[in-house]
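What follows is chain A paired twice: with chain B in the first complex and chain C in the second.
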Partner chain A sequence: MGFFDTLAQWLGVKKREVNVLVVGLDNSGKTTIINHFKPHDSKNHDIVPTVGFNVERFTSKALAFTAFDMSGQGRYRNLWEHYYRECHGVIFVIDSSDKLRMVVAKDELDLLLQHSDLKNRRIPILFFANKMDLRESVSSVKCSSLMGLDQIRDKPWHICASNAVTGEGLSEGVDWLTDQIKDLIESKKK
Partner chain B sequence: MPAMDEQPLEANDKWLDAYNDRVASLYTFTQCMTLSDIQADGDYKLIIADLGTGSYDMKLKVYKNTNLMSEHTIIDLPTGVVTFYMDTLEPRTPAIAVASGPYIYVYKNLRPYFKFTLPPLDIHPVEQDLWDQAKMDQVNPLVMRETLENLRMEGSVLTVRSLRMLQLDASDLDPFVQVHKASALKRQTVITCLGTLKKSLADDDAISCLVLGTENKAIYILDPEAFTVLATMELPSVPVFLSVNGLFDVEYRIVTSCRNGCVYTLKRGASEGVVKHCIELKSQPVGMERINKNIYVGTMDQMLHCFTAKGKKLWTVKMPSTIMTLEAIDFKPKGFKAVAVALANRQVQLYKEKYLVDVIHTEDVVTGLRFGRFAREEGTMVMTTKSGSLFVKILKRSAKFEERDLAAGPPSAQNVKLNVPKKTKLFVDQTLRERENAVSMHRTFQRDLYLLRLNVAREYAKALDNSMNPISSDPTEPLKLSAQIQGIGPTFKLTVNLQNTSLTQASSNLFITFEFDDRLYSFRKKFIQVPMLVPGLNYIFDTFIDCQNDKGVSDNVKVFVLKQGKSVPLITGVISMPVAETVIMS
Partner chain C sequence: MMMLKRDKKEEEEGGGNPFNNLEKSTVLQETRTFNETPINPRKCGHILTKLLYVINQGENIGANEATEAFFAMTKLFQSKDPILRRLMYMGIKDMSKIANDVIIVTSSLMKDMTGKEDQFRGPAIRALCSITDTSMLQSIERYMKQAIVDKVPGVSSAALTSSLHLSKTSQDVTKRWVNEAQEAVNSDNIMVQYHALGLLYHIRRNDKLAVTKLVSKFSKHTLKSPYAYCLLIRIATKLIEEEDAGSGSPMFDFIESCLRHKSEMVIYEAAQAIVQLKNTTAKDLAPAVSVLQLFCSSPKPTLRFAAVRTLNKVAMKHPAAVTACNLDLENLITDVNRSIATLAITTLLKTGSETSVDRLMKQISTFMSEISDEFKIVVVQAIRSLCAKFPRKHSVLMNFLASMLRDEGGFDYKKEIVDCIIATIEENPEAKEAGLAHLCEFIEDCEHTVLATKILHLLGREGPRTPTPSKYIRFIYNRVILENAAVRAAAVSAIAKFGGHCEELLQSCVVLLERCEMDTDDEVRDRATFYVNVLKQQQRNLSSAYILNGLTVSVVGLERALYSVLEHGLKHVCCTGLTVSVVGLERALHQYTLEPSESPFDMKTVPLATQPLADQKVRETPGLAGDVGKPEKSAATRQDLYAEQLAAVPELANVGALFKSSQPLEITESETEYYVQCIKHTFSNYMVFQFDCTNTLNDQVLDRVTVDMEAADGFEVVKQIPCPSLPYNKPGSTYTLVHLPEDPTSVTGTFPCTLKFVVRDCDPNTGEPDDDGYEDEYVLEDVEVTVADHVQKVMKPNFAASWEEVGPENELEDTYALSSMSTLEEAIKNIIQYLGLQPCERSDKVPEGKSSHTLYLAGIYRGGHDALVRAKLALDTSGVTMQLTVRSTDPSVSEVLATAIA
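And then the complex of A and B:
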């Protein structure tokens, strides 16, 4: 990082760049969540199932995020692990109305946590219990117990109920993630 | 969560427990369950025709995800449920067909749409005549019943109404006739099994015909738009399970297993009752599936058989328990094809070819089994059990099925064919020779055998005459001799054991002497006087032998036991002397 970058960052003009990985089962709302953070003029109006992955950029109050919006379809899920190494945080989106596939989401989360690139890193994981507006959806508390989140002891995590269509609960989650990643970077500097 | 602890690990590492409902109170079978995208939204629903109590309360239930989405009452017991596309309208919503009694109820967008009735069958003219007379009160119900009974005894098939009449008591006959005489007499058959057949395109959402098997030993193919019978095929027996593939307009095969324990294959154009292939099973079929071109049949004698399309048996596997139902597994993302067998010992076993690749342990005996896409998940196994529970298991993304046999059995090497060489000319010549000269060869062999026996007998007699054996043949002096050589030379110790083997008689006046080559050996005692031998005791005598030669030659030494006044020895022992070591200090 050059002198001007450092200076700009210190002055708060330029924000620090971090990578986050957005994962979750197909049809859970990953692309819709990312779409919500994009500036108004570049928003997509119809969201189609992602093929492979998309790279999107958005900023929060202190960080510039590069989000790897991975496809959640079964045949593309093996791509996720290739991005574990260079990510600073993970956003795991859960379809809280899909009770049947909660176990599949749990299985994928377990695979993620067990992966050698993430196992020994204290990277923050943000869970979105998405589609909270639907009648069949379960609460974020129920969601975290179904996913066995209380078993995660070596990583900071946070779950918030969200509605990606209206944007409810999304900024709360990203604010938490921003704080966590900032803390992590600060502690590394010392 | 169920009691997962008692399940072995191998069952857990492939399947995720997605949903359990122990109080679903479903009474259904594999044929009455199907998975389909009936709302064309990519969210596949589970459609179950519930037999209710078995006599009333029959329902068509549709599950969306884990919720019961809709329920429709069915009037009669369902025998099969399928979904099929009946038009080309957008969105592509398939219709549900429920077979029940002589009817097929078609539901579209979860609303009743059409009811198809099987064509009525011919009624026996006498029976028709009887009911016509009854209509005008010209016949006595008792006489009528007797005539009907006679008709039945002759083997004619009667209508349901007449059969019911035969069951009634005499007092109930008249009211029964009064109630029913006015309505027209109809003989109808009942649908036993239901399948679908694509009409002219092989696409996933192409229009399909319905294929039905009926109780009057026939198979009908129905047009999906007009609901007319497109083709009728006669069978020798009542079909129970159907497996259909191909296209109606091009070429198709219907494999059906029947109540007579046979599996028939019907082809396009086989409407004249020509059954091309027939597989005769040893037991009644309880399930039939087709994977690729092979037919898998589970039978009541706990066997799973596999046949080729042409009816050749490939293999048979014995199941550990009674088979409840079969289901084909075709998991396209991994190209995994297998057959799932639900057993009475609360297991579901997966067989890839004839190899057991996985065992799923369930809480209860599974009676209904479907594998396919449910909700948005492709590898889902839906199970209903005897006690009415509903279980949904999802195949893990990381699951790998090894093709090795989980069950202990004969090693795979046993199935490897040995490379037996071809018959050589020499072998053929020998065989021919043996075949032609069998008599003379046998005679030669017999003669040689007699000669051998004669020689043996002669030698034995000679040995007895010369007392050349170490056990005395003389009845007056029963003695046993054994001798050992000890040492490595040049000085050996010869030990002679002598035993009187008689029970009462003592022997006396005996001597031991030796015969040897005096250029080789020198005995320190050449003559040993034997004291009186008490019966049963073992007497030990020894002498030292010095070897005179250091060239490494050895010879036999004979031990004689002699009796005073007799020139022939009583017994003889032959000892083969070891080669003596050379003297180190000399």
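And then the complex of A and C:
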């Protein structure tokens, strides 16, 4: 990173760039959530199942995010691990209306937490209990107990209920993630 | 960009390749830089370039390493830098076949190909198509269809060419894109139109009717792109060739109409197509040639080159058609571009008349020093064909070749000239003296050992028979003083031949050879000592056998074989001047040493070296080279292969050494149920008929296959060796052993043959046969045994010497009237075929316009008897009259041969 970049960042003109990984089971709404953060004119109207991954950029109040929107389909989930090493934060999207597959999501989460690239790092994990508008959806509290989130002790985590179609709850979660990542970077500098 | 510029600069300055010393593993290590955030486009671009370079150098990268590098590369999707992005697309394409899970980039690429940045869309389509396999193609089909009809030409072209690549593996899917391709053909962009037509043709390629429709449709409605027109012309040409249609076909009309197109590219393509068609008359060619003629005077060198190159090719097939362009070609002789000038002159040489040869040769000699060896060879080949065409012009051509020989040049060039001179000497007796003189001059200063020995051998063969042989000896003896061992040895042999042939030179030759006996090289010394001793005997038959028509086995092979004999204390080796095959000799000697025997070793038991079939083959017209097959190289070893094959059959172990094997002879039609070929193997007292059978019915298995032969007079069928089983399409062999008649003069006969076997039906799919079968038979064509089967061809370079050597003891003479023959050539061909002997001293070629001719034939008869035939032929109104004289070392052989013609 050049001198001017550092200067611009210090002055607050240019935002610091961070990478986040967006994972979760297929049809949980990852691409839709990312789509919500995009500027209005480049929004995509028909969301199709992702094959592989997509790179998207969006900004929050203090950071420029580069989101790796991974495919959630079963056969591509083993490809997530290629992107663990460089990420500063993880967004895990849960379909809160799909109680049946909640255990599968839990399995994937456990695998993620146990992975050697993430295990010993204190990276923040943001959970979205998505599709809260649906009638059969469960509350975020219920969701966290189903996913066994209280077992996570070495990483900061946060869960919030969201509706990716309307954008409800999304900014709340991203604000939390921004604070966490900022703290993390500050503490590393010290 | 900066990086690339700097690279270029470095290249210019240092002249070296900046990527020269790249290590695969270091580059792969460096790809980890891609994982860093934020991305440094300049650095990553440089690393990616290095990676691409390594891959394209053909380095083998393991799947795991490649996958790691590939996933690192996928991080570059974050960057917006256009150069880095486009390098990355190339990287994805190049690694798509070596890395695993390349499917990961599908969505990202799909996003790019439908995105706003036109610069990314084309490359993204290409990369996407390279990572997509047939099963995934469905998911991108919709996007591909859209891309094909996209209004940005780059995107559309990329989609069309990628579809073409995809259709190699997934023809079914791309077939559905016909409508889009149709639409793209109507594009205004010339490249899109060309690519779309290419895809359309590719999709319909296997449907002839559809292709015909395609051509006729687009030939009517005007295409904009000249490239598309060229493609259309090529498709039309292919159609005409497939249908074997001549100029009558509508396709031809279309091609002809293209001659009037406004684009030069199309005009040339059409002219070239017409010229290359097979069934064209002079009238069809005329418009194409006149177009090429126009191009000859074009200011553009490329057009002139294309035109003259095509005309040069036409000149082979239709020299008359090209004569019209002679004037324009003459102008091109002085063209500044030497390639054009050379082609123009060689074309003129092919088409020109005898009178223009002198002028052209003068013209071409002015710039011979300026053209490359490659084109010089073209000129030499043209001269060679001229020599054959205009024998009277040999003096001009020979002088020209001689001056070319004096100039600088590589080995290939010199060899071509020497070959050309040798060929001319052999074709044209008048040119012999001049040619030999030029070659003598050449070896005075020749740095190529191979050429020098070749010329010395030729001098030894041809020199003694010239009116003044003595003048060559000086040239040859100079070699003995000045050259290396191989050339000296060749020179010694050549001098000995002079001594053996010319009485008056004998003494001088012996003196010269005696001086060589002190040579430093073993081979030279040995040869000199040997020749001096033979020559001092002053016996014609000895010198004939050992010097003039010496052994044609390789000396090394013979030496080794004899050495092994001597080692075993057997000193009775009776060796006569036979032409033996080295392999056969070795085997015979080996067998001899195994069996403790008191009888002397007889060379006659050794199989003869088969005379290569291509021996007298006239060199094919230069320029056509490439479509002429190689001469039968295996001819000499074919018999050794058979011998080995027969030796493997235990029942045939005691018939003796193989004397001769015939060519395979088809005794069924090739498309019948059972396909049988017969090969006749001749031994000293037996004949073995080898039947190679193939079962072409997939629902039958044949068991216990034999061939039943009805023996002709005096012949006796001794044994049949059946082929145990003959499944579908697997050839098998059965043998029949026949004892030859006791009477040495009855050697010919006709054998009616029947194929006998047990049929078992089987399932065509599994090949599982039924348990029980039934007997059946199949009538084959008759097999004939002729005199030629008992005779092996042997080349005697000096026939007269052998003729004297054999002597008139068993001479037979008779006169025949061959009324059915109308020309001498026909008669000669038939005589050679009947007798199976080798024509010597090129006597099988009749000089033009002669009405009488003498044919010399030589060979070895079964049992190792020399057989020589002299046939004096005379042509008159009633046919050909022949006086046949046969000499042989055995009286019955003479009788057999003398009666063979009758």
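A few remarks follow.
In this text, the second predicted complex is superposed on the first by the 190 of 190 C-alpha atoms of A that agree within 3 Å, B and C clash if a C-alpha of one lies under 4 Å from a C-alpha of the other, contacts with A are read in each partner's own complex, and residues count from 1 in each chain.
Throughout what follows, a residue touches a chain if its C-beta (ideal position, glycine included) is under 8 Å from a C-beta of that chain, and two chains touch if they have at least 3 such contacts.
These numbers come from a predicted model, not from an experiment.
In the overlay built on the shared chain, the residue A:Glu108 is in contact with chain B alone; chain C does not reach it. With both structures placed on the common chain, the touch criterion links A:Glu136 to chain B but leaves chain C unconnected. By the touch criterion stated above, A:Ile185 is placed in contact with neither chain B nor chain C.
By the document's definition of touching, of the two partners only chain B reaches A:Leu100; chain C does not. When the shared chain is aligned, chain C comes close enough to touch A:Thr50, but chain B does not. Applying the stated touch rule to the two superposed structures, the chain B and chain C interfaces on chain A have no residue in common. Interface residues of chain C facing chain A in the complex, by the touch rule stated above, are 35-38, 71, 74-75, 77-78, 101, 103-108, 110-111, 136, 139. Residues 1, 17-19, 50-55, 57, 66, 71, 76, 79, 82-83, 85-86 of chain A are the ones that touch chain C when the two sit in their complex. The residues of chain B lying in touch with chain A in their complex are 16-19, 42, 65-67, 333, 374-378, 392, 394, 396-398. For chain A in complex with chain B, the touching residues are 25-27, 74-75, 77, 97-104, 106-108, 111, 136.
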